[in-house]
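Structures are listed in the sections that come next.
After this come two complexes, each holding subunit A, first together with subunit B and then together with subunit C.
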Partner chain A sequence: MVFTKIIAFSIFQALLSTLVAVILGFASAYYVAKKKSLFADILVSFSAVPLCVPPLLVALGYVLFFGNNGSFNRFLMAVFNLQEAPFSILYSFSGIIIAHGFYNFPIIMKAVADVWQRLPEEEEWAASLLGASRFRLFKTISFAHLRSPLASAASIVFLYCFFSFIIVLLFGPIGLTTLEVEVYRASRLSLDFSKAAFFALVETLIALTIVYFYSSFEKSGLRSQGTSAVLREKTKMGLSSRFFSIVLFGLISIFFLFPLFSIPVKAVFTKAAFKTVFFHKSFLPALGASLQSASISALLATSFAFVYALCIRIKDPLKKNRFFRFFPFIPMAISSVVLGFIITNLLFALRLQANLFILSLCQAFLFWPFAFRQIQFSLDAIPQAIDEAALMLSPSLLYRVYKIYLPLLKTGIISALSFSFAMSLGDASLPLLLAIPNIQTLSLFTYRLAGSYRFAEACASGSIILVLSVFIFYIGERQKKNLKREKKVRMR
Partner chain B sequence: MKKKDAYFMVENLKKTWENADSAFTLDIDFSVDKGEMLCIAGQSGSGKSTILRIISGILPFEKGARLVLDGKDISTLPPGKRDIGMVFQNPTLFPHMRVEDNIAFGLISRKVAKKDARFRSAALLERFGLSGFAKRYPDSLSGGEAQRVALARTLIVEPKLVLFDEPFSSLDAPLRKSLALDIRQSQRELGFTGILVTHDIEEAKTMSDRVIVLKKGSLFWQGVAKDFKESHISSF
Partner chain C sequence: MKSFYKIITLSIFSLVIALGVFTSCNKSSKKQLVKDERQKKILVYAYDSFTSDWGPGPALKEAFEKQSDYELELISVGDAGEVLSKALLEKKSPRADVLIGLDNHNAQEAENHGILAIYEPKGSEGIARAIRFSNFLKSKTEWLITPYDWGYFALIYDTESHLPAPNSLEELSQEIYKKKLILMDPRTSTPGLGFVSWTYAVFGEEGYEAFWKALKPSILTMAPGWDSGYGLFTAGEAPLVISYSTSPAYHLEYEDTSRYQALIFDEGHVMQVEGAALVSGAPNPDGGRAFLDFLISKEAQEIIPLTQWMYPVNEEVVLPASFAIAPKAEKNLVVASEIALEASKRLMEILAD
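This part shows the complex of A and B:
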């Protein structure tokens, strides 16, 4: 494939996937923010999936559910008495788009719904008293507030899809490939390092542009932010919204829920799948390596995020310096495959070998923007007056940090730790790229099981990652809820 | 209390509601003459703001009530069709729009050409001493400036009735007084009919012609503004 075609395809598939995620996410956000229903409650529970469920498991779920011998096709064959599998989206362009779109829509949903349900009612009243029609009310008032969170969430989804590696690698169609996959192939398989470097550079420059837009959207969001701390009252569903909710729920179930559920179901209902995994000689070392690297990377990412967030709070309390705000997001422009390629070359030049600490260091670098956001969110809840009081009453900066900021940022720190831990745990790309001698993480172990078509064992191992990630993520989310409560109390 | 030929009439207005520690029923009839400014006073939770929200169409009311404005029954009309403007406690300016776009919003909603809407918006800005503010965003305005812009935004569509829901509650005392005088002067100059909700005696006297006092949703006292005293509110 010519390199311009690879670039075009990478951007095109990411754009299309983002469009699918935006449509689904916006429709879901409407139900979450405005409607009182069980469907809305179920949607809310999906919010964390893109962050705590690794893409490897999504790919695995799709293979299990939509494969020729998957549950969906077997169901269709039984119902319609067919001889061959009728539904085939794997190993196709549409398969990639659907998997990306459905996997990432909760990011859009959460970002938009969070603002939508807090839009100040009085602005809408004022607009309707001034004669605005329902469409104009939505376009000029509601959507104006939702535009920034929508654009910044869409930028994140675009980046995720642009950097998507495992999903494209596992079931991308023959002849179509992305920059991310090509960097991997050139650096690990064909060993064409100049080609890999070129693709890595192009990919990073494109991503850097998106990250720049992302940070601008975040900034412009400040002006149009909803001012109300109170959640809007939700209304009951009418006939038309009930109909659309059924259609939406049907689509989400088929392309998102059932594939994910297939993983634990396959593991549980395959005889001795868990037993085989537990007694596999690589399992316990892989679990140990995963826990070790995830702990170290979470600690590093959170510590750096904490120090940086505090520094810019002290140096730039009024948030005027644009670079200070942009800097933390720079790592988002570098994919795990590109980072893996850079580090591998660096280690080669230095005649060193990759080890678990280097893996943790790389993961900390990649995930620290997420840790930073958690701490920043927590820091924003502290009124400026507290900074001033702390400055006047504390004998030293260290004392201030220890006595004031650490206790006040406790919830943000725990949330950042859990975020980066869960993300590191699910990362299979970096361990694959770094290829640490004699060491593999649980994600890599799962990837290799799936690669050798041992799907039941891969599902058992994947389920363990899933349970661990969801549990750790749940702890972080609970902390965030506590923080929101604290924020409300401080506002009173 | 209610005149048959009044410009604005509220008949049989009933609504039951609950607040933190009690539940009571709003039950009131009143009218406002053309060009008059009526003040509805009362303690917190007496139902003052609820009346304005019902009149504007934001809140529904119980069956049997009738709202008549300039001879037309507006009870079932949506808020945008009632020809009523409202100035809220907070300025509620649209934060993502420039001052001129905020003011022109109502005209553009009524399909007035953008150019004409901007022209009229500039004239009103001048009227309220905000000529240099057209291109600014609401977050760069002081509380008093923002409330003036909100007033201009309400008046630009020339509503038949303007509702003021404690419009100065977020401002400090000297600013409240100057803005109250300003609104009163505009009301006399432009001749609009208004209803002001407040619990401030001075404000009521400065801004209105007539006062009605509510106690738990019912009429407690009424009279001309100059006779309104502290005891009418505090004797509850």
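This part shows the complex of A and C:
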């Protein structure tokens, strides 16, 4: 494949996938933020799924549901008495787009819904009184506020799809290649490091350009003029809204939840898969190591994100400096193959033997952009007037941080902790790269099961990661609701 | 503004101190280890599935340490490609004594880069000539790499499918096999590269491209790795997959089923021979040699079949009963690794068009 074609394909598939994720994510965010919907509330708990379930299991999930021998095709074959699988979209370009788009939409949904829930209603009331139509209200007020989180989350999804490896090769047309495949081939197979470095450089530059574009959106995003303490009441769904929600959530169930649930179902219906995992001598130590490293990296990532977000708030309140917003996303522009190369060389140069703390440190470095994003959006919701009042009335910076920012950013901090914890929990590449003697995490345990013929057991182990991540998000959301309730009571 | 710089300075300062303390602790302990303990320790770089709970690594370590005074440290460095890649990066100042993860497809690269030292291990005379690495290297050097297991690339067939089993590679391009074959990408997977070598050996320089053009409609997907490809196969996506002739032994041993069968074709099969080698300039060459001696001993080789799902190189080893389902090919085919890599590169360009 010609080099320009490789680049064009890598960008094209990532753009289309992001577009699907944006449409689904934005529409779901509307229901999560504005409507009373149990389904939407449940969906929020799945926000970290794209970040914590290993791509190999995601691909297997789609295959188990939509594949030639998948549940969906077997159901159609039984109902219509067919000999061949009638539904075959998986092994095609549309298969890549569907898997990427549906798998990643919760990232966008969560980012947009978090801001949408906190948008000040006063601006809309004023515009409404002045005769603005509903579309105009949405365009000039809601969307103007939502543009920044939308662009930010879309950049993340784009990068995820751009670096995607397993889904693209598994579902894509035969012979297809991406930049990531070429980097892998040059660095691991033909050992042509200069070629690998060239491909990696091109790949990283493209990713950085995308991130830079995001920062321009960020710059033009509006700062909230309202107050984060007043949270919008969710309204009941009307007839048309109910109809669209059925269509939307039906699609999400078919193309996201059912393939995802196929992973634990496969494990449940395979004799003793869960039992084998639970009673394996490495399971409990792996679970312990995962919880340890995820807790440390979540704390580190969130603390660093908090300090950085606060610094740029103080240093650049009007968001004039684009680099400040661009900087946190740099780790995301580095692919896993390139990262492996950097870490291996760094540890070698420092003569360091990897351990659980180094693993947590590396994960915190990689995942802090996610934590930063969550905290930044909460910070943006604080009116500038509060900053100014705090500056005048507080005796010291520490007092301001402790008494003003920490309480106001609680919900953002909870989201940041949940995201970085879930990401660390699901990360198999760093534990694999660092190869800590005698220590494996649950995700590495899962990866190793799949590499030794034990696919059902890998599904069982992957399901445990999935449940842990959903549980963490559920706890986080409940905590946030409690905080909202407290605020309301205080306001009354 | 002052407060901003205070926070920045404080954060950087704390981070540097934390890193500094951490690094110095590790560095000093490392230095101590290098000085006093290094000669008692053997450091082996291996691929991940070798060192995992289900691989031979843990049992080999236990058995080796029981019979020697050395401490064996098996370091997983990712996949087999990364073993060679890492050794190459450390060429000027090697840390590992032995590399595991070399095979007949990357052996030439390892020799070209001069990172290995020749060593003929004790008991090597018992290793069959057909699986010695002299067959795969241009220089014909016999003991640059020591083989420790081997197997044939073969198509695994699901006997519960309604499809007849093919009898040759040629038959795979028939209409009835449309979208029925799962392969692996030769750019990212050893079985993928092995299949390209196999077709090259059977159809030759003139015929293999035409064969692949005819085969393309039969391929359901080219998975990025063996795990994803074989996972699709066991999920029932297609009745044929490229793997090893020994794969059915796993299903018989642990799932008590002979549903999956390896197909042996008259035209012959390409082998994968896996090998270990002493690193040139290794910090503990004596330890490395002792481990290579052990690796081909009967005791170590008995661990191989049920962990690697490959044949041991030591012919004294009695194979487990489940290996009765793993047939051996009557004809061995050999393709030089450089030719295989070049052929796969050209092939992917053809398939992409």
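Criterion: the second predicted complex is superposed on the first by the 252 of 492 C-alpha atoms of A that agree within 3 Å, B and C clash if a C-alpha of one lies under 4 Å from a C-alpha of the other, contacts with A are read in each partner's own complex, and residues count from 1 in each chain.
Here is the rule we go by: a residue touches a chain if its C-beta (ideal position, glycine included) is under 8 Å from a C-beta of that chain, and two chains touch if they have at least 3 such contacts.
Since the model is a prediction, treat every value here as computed from it, not as a measurement.
In the superposition on chain A, A:Ala435 makes contact with subunit C only, not with subunit B. Contacts of A:Leu291 after superposition on the shared chain: neither subunit B nor subunit C is touched. When both complexes are overlaid on chain A, the residue A:Ile475 reaches neither subunit B nor subunit C. When the shared chain is aligned, no partner comes close enough to touch A:Ala381: not subunit B, not subunit C. Looking at the shared chain after the overlay, A:Leu170 reaches subunit C, while subunit B stays out of its contact range. In the superposition on chain A, A:Met77 contacts neither subunit B nor subunit C.
Among subunit B and subunit C, the chain that touches a larger number of residues in subunit A is C. Once the two complexes are overlaid on the shared chain, A:Arg136 sits against subunit B while remaining clear of subunit C. Contacts from subunit B toward subunit A in the complex involve residues 56-58, 78-82, 84-86, 88, 90, 92, 94-97, 105-106, 109-110, 137, 139, 150, 153-154, 157. Remark: subunit C residues 1, 3-4, 6-8, 11, 22-23, 26-27, 30, 48-49, 52-55, 73, 75-79, 81-82, 84-86, 88-90, 95, 106, 109, 113, 179, 185, 187-188, 193, 216, 219-228, 230-232, 234-238, 247, 250-251, 254, 309, 341, 348-353 touch subunit A in the complex. Those residues of subunit A that touch subunit B in the shared complex are 120, 122-123, 125-133, 136, 140-141, 144-145, 223-225, 227. Against subunit C, the residues of subunit A that register as touching in their complex are 1, 56, 59-60, 63-64, 67-70, 91, 165-166, 169-171, 174-177, 181, 184-185, 187-191, 193, 266, 280-282, 304, 307, 310-311, 314-315, 340, 344-345, 348, 350-353, 357, 397, 432-433, 435, 437, 440, 447-455, 458.
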